[in-house]
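All chains are identified by letter, namely A, B, C, D and E, in their written order; residue positions are counted from 1 within each chain.
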Amino acid sequence: MNGWILAATVVLAVGLGTTLWGVATGPLGRRVVAQNLSTALVCPGLLLLSQGYSRTAYVDLALLLALLGPVGTLVFVRLLADELGDNPPQAWGPTWVAAGVGTVVVAVLCAVTGPGRAMVKLLVIGALLVGGNLLASRALSGGFPGVSRD
Amino acid sequence: MTAVMHVLPYLVAAYVFLVGAYGLATSRNLIHAVGCLAVCQSATYVLLLAVGYRDGGTAPVFSDIRPGSRPVVDPVVQALTLTDIVVGATVTALLLALTVQIAKRHGTVDPDELRELRG
Amino acid sequence: MTDAVVVVALLAVAGCATAAVANRDPARQALILAVLGTSLAVLFTVLQAPDVGLSQLAVGSALTPLLIMLSVRKVRRRSAHGKDSRQ
Amino acid sequence: MKTRTTLLAVGEVLAWWAALVVLWLMLISTVYTLEWVVGACAAGLGALVARAGRRAAVSRR
Amino acid sequence: MNPRTRLWLVVLGGGGLAALLVAACLRLPVFGGPWHPYGDRAVRAALARHTANTVASVNFDQRAFDTMGEMTILFGAVLGCVVLLRQARDEHRDPPAPCEVAAPVRRYALIVLPVALVTGLYVIAHGQLSPGGGFQGGVVAATALHLMYLGADYAALERIRPIEAYEIGDALSASAYLVLGFAGVLAGSAFLANTLLPYGTFNMLSSGGTVPLLNAAIGMEVACAVVVLLARFLDQAVEIEEGSGE
């Protein structure tokens, strides 16, 4: 047991616990928000686990999640557009908290890794993660003016 | 704690399987039933990987560690689980295709209504 | 103590499985199945199976939800159309 | 006019190719000749798809 | 059978199954135990053949025949979906109205599409070294193409995805796997035996004998199969309408 795994345990327990509660109950809009947050919070957890097990190979998992997580949310945004159109969910507080967790974790890991290609890979993951989740969140809340839904 | 930990993953696998089977038996919508079958399949992944785990072990992948420097977990069950996930995904796709076909031919995806139609 | 993270992942998987069965609407179930896929990937990582975790992420995060949501859309459109023609 | 379009197209593909080769080099752990060859091929494919995708997305408008 | 009797039957059967499963769980080797005879042998065999990722070695070398079965299941399932979801005689194609997608989403899709494709190819190419392999990378690459549907519309996806090419690619890569297997027979050893090529330097792209080639064949097969599969579902959900198109 080391500090990294402890931090990962906390992030995963809080992240998975709250998003499971959010995705299993309540109106449809809140559920999609929770699904988006689950990828946004699990990805930093996976990065911390990779550092905790001192295996750089595990970073690929976080890379794939950062790429495909927002894609999954966009699938729901696209195919549930009719149901979500009436009252689009607004959840900027949790979204920014998740983005903050992602940023902090990536920054700390970059500081530990030191300059090099591994650090750039971490930065790529961080950019994909935060950018993708903020965009998915904005698409979800209907924050793009002048868009006609099909 | 340790005594519980020795069986907890197996019990979780059994629980997930039973919950999926319950959902499958009581489902009123074929698409929901396909989702429940996916839950049942995830129980098999949990069971297989739990059997192969070794305390303090790491993944049997030697791209970033020297072979023999750390104990590794069982790769055979991991390969089996990989096959399991592929087969699970294709089964889901095939069953969803069947469901779409049933909806087209009979106009419903409720198994009880389908039984009445046939009888 | 490394077991703590295993326990967290196991409980998340069990909780997601229960929720996926309890929610009877396929669209809501697809959302929970996406979260179930993510928690399974976490469980596979802590059980030291990154290969399996990668394939679970690839299948569970975008492919399965897309398949289910497309089927839901087709079935809904089909039944809406059927109701129209019956009237 | 025609040459200009061709130049722009080639430039777009080359820019994507360079960016994707850099991405490939960041993903891998050790660099050697075969890695360069495979990475360059993969990045070439990615660059062609990137251009095709952009054209497909805007052509209708 | 009325729902009430059925529920009782489910409870009874489920209870019995639960009791048996719990009894079995208590007798299984303890979780995290040190005794893994097959795993230890598989790791030794993989290292002897210079394959860094033992899981890939098990899938494409030691149990390559099983992977052929898995590939056959995938191929058959895709064939089944193509047959089930074909356009019936009483249906017609109705091109959907173009859908306006917000500009940031379109830009995101157009940037992430090549990045995800290259990542998928990276996962395939490094299957025998780091975690990953043909299956994982193939699904990622196929999913990447469908960003065109999310970022623009179905017509745009169809423009960059000639479906016949993917059907041919699916069949070609499945036969490539078989041909590689028979090459082992022609070279004087067994079907799918990894004796054809030199094992190479440990932890390099060219290591592991036929493992990288089989891996690439599976990667292409999976990518093409997923694209064909999703194309059928998208056709049904977006384009094909009831009625014979008056």
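The definition used in the following text is that a contact is a pair of C-beta atoms (placed from the backbone, for glycine too) under 8 Å apart; a residue touches a chain by one contact, two chains touch by 3 or more.
Fair warning: this is a prediction, and the values are worked out from it, not measured in the lab.
S.K.: Using the touch definition from the top, list the chains contacting both chain B and chain D.
M.R.: Intersection of chain B and chain D contact lists gives A, E.
S.K.: Tell me which chains count as touching both chain D and chain E.
M.R.: A
S.K.: Going only through chains that touch each other, how many steps at minimum separate chain C from chain D?
M.R.: 2
S.K.: So, comparing C-alpha centroids, which chain is the farthest one from chain D?
M.R.: If we average the C-alpha coordinates per chain, B ends up farthest from chain D.
S.K.: Count the touching C-beta pairs: is A-D or B-E ahead?
M.R.: B-E
S.K.: Approximately how many whole Å separate the CA-defined centres of chain A and chain B?
M.R.: 24
S.K.: Any idea how many Å lie between the Cα centroids of chain C and chain E?
M.R.: From the centre of chain C to the centre of chain E is 17 Å.
S.K.: Which residues does chain E have that touch at least 2 chains other than itself?
M.R.: 53, 55, 109, 115, 119, 123, 126, 130-133, 135-136, 140, 143, 147, 203, 229, 233, 236
S.K.: At least two other chains touched by the same residue of chain B: list those residues.
M.R.: As it turns out, chain B has residues touching two or more other chains at 5, 8-9, 22, 50, 52-53, 58-59, 61, 63-64, 72-73, 78, 82, 85-86, 93, 96, 100, 104.
S.K.: Residue numbers in chain C touching 2 or more other chains?
M.R.: Within chain C, residues 2, 22, 30, 48, 50-51, 53-55, 57-59, 62-63, 66-67, 70-74, 78 contact more than one other chain.
S.K.: Mind listing each pair of touching chains for me?
M.R.: Chain pairs that touch: A-B, A-C, A-D, A-E, B-C, B-E, C-E, D-E.
S.K.: If you look only at chain B, which of its residues touch chain A in the complex?
M.R.: Interface residues on the chain B side: 58-59, 61, 63-65.
S.K.: List the residues on chain D that touch chain A in their complex, please.
M.R.: 23, 25-29
S.K.: Would you tell me which residues of chain A are touching chain C in their complex?
M.R.: Its residues touching chain C are 1, 5, 8-9, 12-13, 16-17, 19-20, 23-24, 28, 31-32, 34-35, 38-39, 42, 45-46, 49, 53, 55, 57-58, 60-61, 64-65, 68-69, 71-72, 75-76, 79-80, 83.
S.K.: Which residues, counting only chain A, touch chain B once they are in their complex?
M.R.: 53, 55-58
S.K.: Within the complex, which stretch of chain B touches chain E?
M.R.: 5-11, 14, 17-18, 21-22, 25-26, 50-55, 59-64, 67, 71-79, 82-83, 85-87, 90-91, 93-94, 96-98, 100-101, 104, 112
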